[in-house]
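Some structures are shown below for you to check.
Two complexes, one shared chain (chain A), two partners (chain B, chain C).
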Partner chain A sequence: MVTTGELRRLMRHPGFARLGVVILLVVAWEISARFFLDRDFISPPSTVLTSFGELFGTPGVPSALWLTLYEIAIGFALSAIIGAAIGLAVGLNRLAHQSFMPIILLLYGLPQITILPIFVLVFGIGAASKIAFGVSHGMFPIMIAVAAGVQKIEPVYFDSARSMGASRWHLLRYVIFPHMIPSFFTGLRLGMSGVLLGVLLAELYVSTAGIGYFTSIFTQNFDATKLIGLVSVLAAIAIALNEVVRRVELRYARWRD
Partner chain B sequence: MNGDGRKNAPHRLSSRLVQVAFLAIVLLAWFLATTRWGVSRILLPNPVNVWHQLIDIVASGAFIPDLRITLGELAGAFAISMSLGVTIGYLISRSRYLIRVFEPLLAAIYAIPIILFLPLYVLLLGLGPASKIALGATISFFPIVLSTIAGFGYVDRRLVTAARSMGANNIQMFRYVLLPAALPVVLAGLRLGFTVALLSVIASETIASFAGLGHHIVDLAENMDTARMFAYIVFVIAIVAFLNAVVSTIEGRARW
Partner chain C sequence: MASAQPAIRVNGVSHQFGEPGEARYVQALLDTSLDVTRGELLCLIGPSGCGKSTLLGIMGGLFAPTTGAVAVAGKPVRGPMPRDLAFVFQESALFPWNTVRENVMLGMTFQGVAKAERGARARRALEAVGLIDFAEHYPGQLSGGMRQRAALARALSLETDILLMDEPFGALDEQTRMVLGEDLSVLLSRSNKTIVFVTHSLGEAVFLADRVAVFSARPGTIKQIIVVDEPHPRKPSFMTAPKFHALRDQLYGLLHDEIRKAMSETTQPRRRYGQTGPAETDGERV
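Take a look at the complex of A and B:
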């Protein structure tokens, strides 16, 4: 009878109920798709799972997924470099901060989806336009976080470092860099969401190549199984990447305190 | 404080000068690129042409059918996400246990780029407004439900206990304790939800549709009518900015 009490305590744990909710939703999806809804439009999760082999066997799908991962990686790296460089330049100089921060915030607030066709017009339908659109989404949060991070450094740190004979390189390495790290990683987390959004928007927009080609082909053929499979794989990639940068942020954002 | 302000004044003036100079250089470079440096007209139209096209778009009223469709989709999407988000959020917020069950789940889904579901919605609901409404409603549901939970779920316990001990009934509790405490947070979530719904509606029009502001930009791009496309983009950005400003004003009013 001890086990009943333990079981009850376990069932009362929120994580248990959360898992229950997810299982319930998946079972409801399975039952409704299997018995009530049109197979052309929706596919039960069991069929999606068992058809992953078929999805990855479709010529072009694995390479389109790899290409998307590559675009996200390059877009993220470029966002980090550009964001950190401009963030430092704007954050460390008072005049630059007052002049350019309003412009950066204004650009960040623009509805960038409206200029997606320009990116495709200029960079073509290949990887370049998707990387560029990812960077245009990802660099602003990093820029803003880095600028905010280094702007708050107490001037006394600079003064005392200089009075101890620190060179410009020393200032950068031992004063600015340690103060930049926590906000930089916060920026990286936000930047990753931006890059994912930008790359996936551009991928879906271009329907003649890459992921967008397959989503439109599967939609036109009413191939719900493959479409749901492809979308799930992309969602899993997004969740995994978000989780990685979140963990890294948790680890490095705390090191000062 | 005063001394600091005086010290800042010359900085403020020079930063304005830098901003004006920056804008002038960008415009000048744009103009020279199209007239002297031989950048293709298809990639970068002449700014003077863009200006004429912009005036033509506004004056001719040719934007009205597309604007009507986009606003209709936005209204549908926001009505759904607002009613569902606030209701579900409130119900969840009534119990600590439910908050602990559902809040992490909702936050986790919110972290996925939900635009990925657009192809599924297009398959289910077609290329018309229904898929845009569904996507806009899905994406904007999450900020609204999460802020409703945050608003109603984390009201200071002492306020609730004090009101109870003074004999407040459920209606009074809601009217005088919960609502005033939660309202600013819920309104902030609704404003964010509105912006997100607008952007997702335009995004889904851009990716797959027959009509709407986002679709019109794509149409102009596919016809290589770049000058008019630039003008139309400026026009759409102005509309988005205007709608956001209206919603922010309403939020500011409602708060007090």
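Take a look at the complex of A and C:
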């Protein structure tokens, strides 16, 4: 039996209210989809849940998921490498920062969807254009976070490391890298959602495979059940990736406790 | 004659930040010459912004003076000399992302100590400052006094003949500062190191130093050198001796006008040390 004390402790846990809101939303969705809305446009969660088997049985869907995952993975890796490299270069050099930071901020602020056709023209309608568009969304937040992160390093860390004989590599490896890790991870998480957005937008725009392709197919066929099922899978992927980044980040943040 | 060679020779050093006409232009040091004798503890004392910390950075090769030259053990200083001298800075210059032990080990990595030797040397240094039980703590988990002892351990582990200490106890409260001062005096009497120690505190200077170099207001230069003839390790009782007070009063007399002069100035150099820094730095205490 649950005692009243245990129950009270449970209710004060932040997860309690959070779970409550999620359940409430799902119930509201179920009721409105079942009784008030057009079944061509929206499916109740119970139907979506029970037809996952059908969704994965649809020819092309499993490979589409793998393709999109592959595009996201490559896009994310490239974004991290390019973002960190340019962020370091711009963050560590005063002149480079003053010269190039406004350009980076401008490009980041630009609604890139307007130049998506150019990506397709240059990279074709295959995976390359999706990866490229993902990178162009993902690398800027990483760049900006890394540049900001390395700028705030106390000069005394450099002085003390140099006085002990640290080489340039030592400074990078033992002073700059550890210092930039928290902001790097913040950038990675923002970059991850950027890559996801870029890849999916490109798939929606023009493609013959991938999740984006199937979302537009399901939409055109008024197959709301499969559409929402696919979106749920996508959401699960996004949450899982974010969680992976967060876990890795925690391992490097022990000293901040 | 090798024994007569000073540990550090400062010859006609002047230093300015920026160029005349620029907003950040400051003439920090003017034609300063000084010999640091082997095995002594020399205090540099002076009003804010007189260039005493700048001089320490120049001695340690963190940056080159505008004019003049410094030699350490007869060798001209052209950059950091990790085998000859080690720094202890005011604020904890320990890396917050490394434990105390890792910090000490890292210093030896930079200096190029063989891997096999590092562990034993780190242990010895941490034992010397009484921090061996806190080796696995992160700096953020330690008090200010313990952090400075850890910074001292890192410097000691480098086994250099010379220690350059830039207001190492400046951020600590008076009581911690006194105790650490006593510990340093004991350590010094055993180790035979040469120490240059920058401080703001008159009492600290008299208590620790064999000689005190008094700086004038900016542009700083050495106004006078006072000798404190008292063997190490110094006891707390020295602080109440008439000699201590006479020397302290003498120092204050020398500094008084300079401090007034310095207070009427407002500009401070942007940075004390090196060029290898981040792109932008906030304004800074000197």
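Criterion: the second predicted complex is superposed on the first by the 209 of 257 C-alpha atoms of A that agree within 3 Å, B and C clash if a C-alpha of one lies under 4 Å from a C-alpha of the other, contacts with A are read in each partner's own complex, and residues count from 1 in each chain.
We adopt the following convention: a residue touches a chain if its C-beta (ideal position, glycine included) is under 8 Å from a C-beta of that chain, and two chains touch if they have at least 3 such contacts.
No experiment lies behind these values; they were computed from the predicted model shown.
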Q) For A:Phe218, is the partner it touches chain B (first), chain C (second), both, or none of the two (neither)? A) first
**Q.** Greater chain A contact set [chain C / chain B]
**A.** B
**Q.** chain B versus chain C as contact partner of A:Trp66, first or second or both or neither
**A.** neither
**Q.** Partner chain in contact with A:Asn242 - chain B first, chain C second, else both or neither
**A.** first
Q | First, second, both or neither for A:His179, with chain B first and chain C second | A | second
Q) Which of the two partners, first being chain B and second being chain C, lies in contact with A:Arg94: first, second, both, or neither? A) both
Q) Where does A:Phe56 make contact in the superposed view: on chain B (first), on chain C (second), on both, or on neither? A) neither
Q | Doubly contacted residues of chain A, that is, touched by chain B and again by chain C | A | 94, 96
Q) Which positions of chain A touch chain B when the two form their complex? A) 12, 14, 17-18, 21-22, 41-42, 94-96, 98-100, 102-103, 110-111, 113-118, 120-122, 193, 196-197, 200-201, 204-205, 207, 212, 215-216, 218-219, 222, 224, 227-228, 231, 234-235, 238-239, 242
Q | Touching residues (chain side chain C, partner chain A) in the complex | A | 57, 60-62, 80, 82-83, 85-87, 89, 91, 93, 95-99, 106-107, 109-112, 138, 140, 154, 158, 271-274, 276-281
Q. For the complex, which residues does chain A have touching chain C?
A. 91-94, 96-97, 150-167, 170-171, 174-175, 178-179, 181, 254-256
**Q.** Residues on chain B engaged by chain A in the complex (per definition of touch)
**A.** 11-12, 14-16, 18-19, 22, 42-43, 97, 100-102, 104-105, 108, 111-113, 115-120, 122-124, 198-199, 202-203, 206-208, 214, 217-218, 220-221, 226, 229-230, 233, 236-237, 240
